[in-house]
Amino acid sequence: MSNDSNVADPIDDLVDNDQPQASSFDWRSITFQGLWKNNPALVQLLGLCPLLAVTNSVTNALGLGLATLLVLVVSNLTVSLVKNWVTKEIRISVFIMIIASFVTIVQLLMNAYTYELYLSLGIFIPLIVTNCAIIGRAEAFASKNPPKEAALDGLMMGLGFAIVLVFLGAIREVLGQGTLFDGAHLLLGDWAKALKIEVFKVDQAFLLAILPPGAFIGMGFIIAGKNYIDNKIAQRQASSKPKKSVTRARVTHVN
Amino acid sequence: MSLLTNMFVSSPHGNLGLTTNQMMRIVAYATLPGLAAQIYFFGWGSLIQAILCISTALIAEAVVLSLREKPIRRTLSDGSAMLTGLLLALSIPPLAPWWIAVIGTVFAIIVVKQLYGGMGFNLFNPAMAGYVVLLISFPVAMTNWLPPTELLQHPMAFGDAFLAVFTGFTYDGYNLTQLKMSVDGITMATPLDHFKTEQILNYTTTEILNSPLYGEYGGTGWLEVNLAFLLGGLALLKLGIIRWHIPVAVIGSLGVCALLGITIAPDQTYPLSFSLLSGATMFAAFFIATDPVSASTTNQGRIVYGCFIGVMIYIIRIWGGYPDGIAFAVLLANMCVPLIDHYTKPVTYGHKRRREAKS
Amino acid sequence: MQSELTLIEQVKLGKIWEFPGGINPPERKSLSNQTEIGNFTTHTLYIPIQQHIGVAGSLLVTKGESVLKGQALTSPGEGLSLPVHAPTSGVISDIIDHVDAHPSGKTVLTIVLEADGKDLWVNKNPLLNWQELDRDTVVKHIQAAGVSGLGGASFPTYVKLSPHKNIDLLILNGVECEPYITADDVLMRYHANEIVQGAQIIQHLVAAKLCVIAIEDNKTEAIASIEKALADVADIELRVVPTKYPSGGEKQLVELITGLQVPSGGIPADIGIVMQNVGTSFAVKRATIDGEALVSRVVTVTGERVKNPQNLWVPLGTPIKTLLQNVGYSPEKTPRLIMGGPMMGFNIVDDMMPVVKSTNCILAPSNFHLPERGVEQNCIRCGQCADACPAELLPQQLQWFAKADEHEKLKEYDLFDCIECGACAYVCPSQIPLVQYYRIAKSDIRQAEEEKLKAEKAKRRFEVRQERLERDKQARLLRHKESAEKRKKALAQDGSAKDKIAAALARAKAKKATSENTDDLAASDTPQDKVAAAIARAKAKKLKSSKVSVDNSADSTPEASLETSLKATDTAPTTNPNKDRVAAAVARAKAKKLAKEEQEKVKNDAELKNETDHKGHADAADKPVSEAQVDKTLTAAEERKAKVAAAVAKAKAKKQKAAADEPNQEPTLDFVDKASAKISNEDKKRSADDERKAKVAAAVAKAKAKAKKQATESENSTNTSDKETPDLNVADDLSQTPEQIRKDKVAAAIAKAKAKKNANNDTDNGSNNS
């Protein structure tokens, strides 16, 4: 009979992933996700421990941000390269090993070339291993995507994280010390001494900004600001789209 | 058939008549004796701070209310912002620079009160949270207490105080550090502060108390201020604005701890009257801890809450890093309030096991 | 610590306990308790037929009827019900929907009575010897008098008077704690003896060992009056309780007098206590000893807007408007009238509302003395409400949860123990209408629970229905099996059937041999002929396969046999392959078109046939086989044509299905095969019904086509005839028009295609895994 079930072949096996499964290299989407829409610090709220601890100055924030970025890119790339040989049961251990190796490399590099910064950041460099953003991206994206996308995702996520770090660091440093880029030479070399900007001079700095509560409060305001911007964008989009009038057909209780 | 009223109002149709606005105002009036005492003993600074804080509080609240699109005039007239400002003003040093008052009040109103939802929704005591922010951010400015006027080397008039607050110098050009000196040339802080520093230097209690900073029962000037606040607090009790549970619990537990301390180590702890009548103890017991929004709501819970505050005040005073631990004690207790409320729920009528009627 | 005194002994000690909370609003009782109780009469009365908790009674009177005072106007219904009586003599002028004494102002069926001014009583039948009478009789008498709780709840008194539990204590509630109301006060002052008599009646009925009359200490005259009335009475005592609102609440008064608490969700009878209002006691006395039904009550008409506030004997059904007109009521700018007291009364929205059994006060306050609530502000958690609550609830928490719709939390915090006294809202500094929130929350919770109950019932019904359908299906399958077994057995045993089969086979062979070279159907080019050929072909196959099917297992279907027969004919030599191919193409196109139109008809026919032949479905399945057995007229060419046409029809069927997906695609035969197999596989899950339908349709179509073929072949004067074996349905078919004949043939082809498709189902099962 013609009323039989459809002849369409069974639906393609669904690949369940939260990221755009780009058959083509969808760099735009990955970039947007990493920098704004799925920003690891502001939206996913991952890696808050280092974020709140080292953002008391721009230099520290920049140093840790760059370290995290580096680790993210290479670990994502590596995970993506080995993903076909890693069995499901041991994947987390393997990922952590990969990440730890790269973090060790970064730590040794910092120890050698940016020693004061290394001392200043202290334990938060090795703690990058436990940064949920890195293991999170490895698990959610790199282990399911080809290497090019994984690397780009690592780069964008790391960049998003670093940007937030630097932004918060700037706010805290300005409010708490009145300067910007104080100590940048520790990271960037002696020429960076000239980078230090003194926004205003106070004999009594707003210590709260340097202390942890200031980090939480600053973080809260930044997230609020991002949500505000998102809302505004959404409102503008909603108002610009023409309203489609839908005529519905009544199928019940038609008298 | 005529429709008489289009207000489907529910019973009861009457009200006691004491509104929230009136309650806030009455509390503010009750602080006046304390404020007067503080002005008398420590100069006009407190009055200037009060005016500054209250106006900042009202402006800050108005700004946030307009952002939240709530009725500004009606909400401002409930007096809670005004009261927060006043309480904060009474807590900070009289000659603290003007931006201290502004930053503290703005933080208290905007972050602690409005961002949590406005009056009735704040988890923490706004005045105390603002005070703590100031204390940890500007420790130097916040501990610039003046000795009582009778001990001042350079007595000050109202104009001097005004200038000091806004410019940092008095009319004669003295700055705060110089003003802090007493007639003996000793830079003084509050009695509690002084006591603590001397203790660290391993003086015994009796030796410390010899200083002119201390009167018969407590710090000079501070004793009278505390008594004035006690008076105001008792008035509030009589009027039924606050209930006895919290003040009695705070003072009682603090007294018990002090007694214990004196019994165990009399030479290293505060004497009893000093514990109870110095610093901001009475002020805290009757005006800070009794803030209804952030305190426990059940009567049993209130007693627990008050005891917790009293114990914490004592612990912080003796072993903590700050001379007066009231603000921290209150904030810690605020955090415990939901738990306290949960466990002190009274047993409803009809749920008790059948009591045998007692004769 | 077990006390050795019983409840009664405890109470007799005279101690007054306390309950927590409570408030002391200004009493304002002196407005209305300075005068004696006046009498009020009016001309038009509006008597609602339901003035009590429970079920309304059924009308006894009609419009235009004359009634006497105290005559029953309704009779009690099933369950909790009370009659209403005429408050005065007169004529029923109307029975309409009139506004009810309810906060919402909803309407209720109301009897409108025009008084004739004579105020004649109906024949009273008092029960003067109530002490000797059976308790049930007295209780029924009180029910018939329409007595309900006059304290405000309006619970039918007869239910309370026949408790099924052991009662120790009767409490008479003369507390009247609400401000402004003085109805019970003046009743006690001036009718103390009657109240005491009523108390004795009630005490006798519930068999209470002790009766206590409780009065607040602000009613000194009432206390004196009751004391005097109790002078010579045994087992009734007076208790004076301190003035506090809400001491007069049932649960609170129980706690005051006895120190015990009524268990949550229970009634005082659970702990051996019955409580009645003094007004109810008075009404009981009047009903029993005087034989008077409840037709009027004391109402306090008071308030600052009333010039002459007083207590009045008001006939039930008096409109508020009339009452107020006679006491000098002058409304404010926004008129405000309250039925009941200021704490628990409700706003009157329509002043034609009548006085009913539960009305104890009409209040017209001034805004100055009883100001309206201010604007609601946020709760500041001051806890005044918790201090005031007599039930030891936490109103501030209940308010948070009610605003957030947290039903579980509300139940955890005992929302349903709230007696809605209003003390909490009275003291709230933030002017929050707490009781309103609780009422809304309570009704929300009740509604949610009702819906949950309904949903559970619906789910249960659904599950039972599913089980029933499943059972029916299993029973059907079982019957299929059994009948198939029977069939097999019958065939196996019945030798004559086997002979018939053999003879038919022989005939078919002969026919094939003779008609191989004649009858070039391809040339005739009529679709009908082609279809007929297809049908004939199918019959031949059926015949062949019937032998096979008999040998096969019992599960063999006609479709399977069709398939095997098709396969058999595939190997037969074809005479005109080219012609066949052309014919096939033409037939394909034509069949496609026709089939599309006819498929629905066939389906409907099949369904009809299916329903009528429900019992004989097994027989219907047999039909193709038996018909195939007797068909002898097929040639090889015809068989080929039939096969082609069948495939074509199958393609059509496939196309139908694929119409939605691939409307433009012309399916090839291969595709058709594969798709049809696929379809078959998907159809595997279909119920036996469809298969049966298909079989039946095939059978019917086959029969019809056979008849047509017979007719056409006889016209074409082919040598073959199968008149020896008349078809069962020939008569019907011969009467049809050529058009119908054609349609039937096409339908048969379709059905056959369908059958073949289902046959493919079995064979292609392994090869296709779609």
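By written order: A, B and C. Residues from 1 in each chain.
The rule is simple: a residue touches a chain if its C-beta (ideal position, glycine included) is under 8 Å from a C-beta of that chain, and two chains touch if they have at least 3 such contacts.
This is a predicted model, so every value here is computed, not measured.
Farthest from subunit C, judged by the mean position of CA atoms in each chain, is B. Chains B-C form the pair with the most C-beta pairs in contact.
The chain closest to the protein's centre is C, with centres computed as averages of CA atoms.
Per-chain Cα centroids separate subunit B from subunit C by 61 Å. Averaged C-alpha coordinates put the centre of subunit A at 43 Å from the centre of subunit B.
Here the CA centre of subunit A is 55 Å from the CA centre of subunit C. Residue positions of subunit C touching 2 or more other chains: none.
Shared interface positions of subunit B, defined as residues touching 2 or more other chains, are absent. Subunit B makes touch with subunit C in their complex at residues 1-5, 7-20, 22-23, 74, 78, 80, 118-121, 243, 292-293, 295, 297-299, 302, 341, 345-352, 354-359. Touching subunit B in their complex are the following residues of subunit A: 204, 206-209, 211, 213, 217. By the touch rule above, subunit C contacts subunit B in their complex via residues 1-3, 5, 7, 10, 13, 15, 17, 19, 23, 25, 99, 103-104, 179, 251, 255, 258-266, 271, 331, 334-338, 340, 342-352, 365, 370-375, 377-383, 386-387, 390-394, 396-397, 413-414, 417, 420, 422-423, 425-431, 433, 435-436, 439. Residue ranges on subunit B touching subunit A, taken from their complex, read 103, 111, 133, 136-141.
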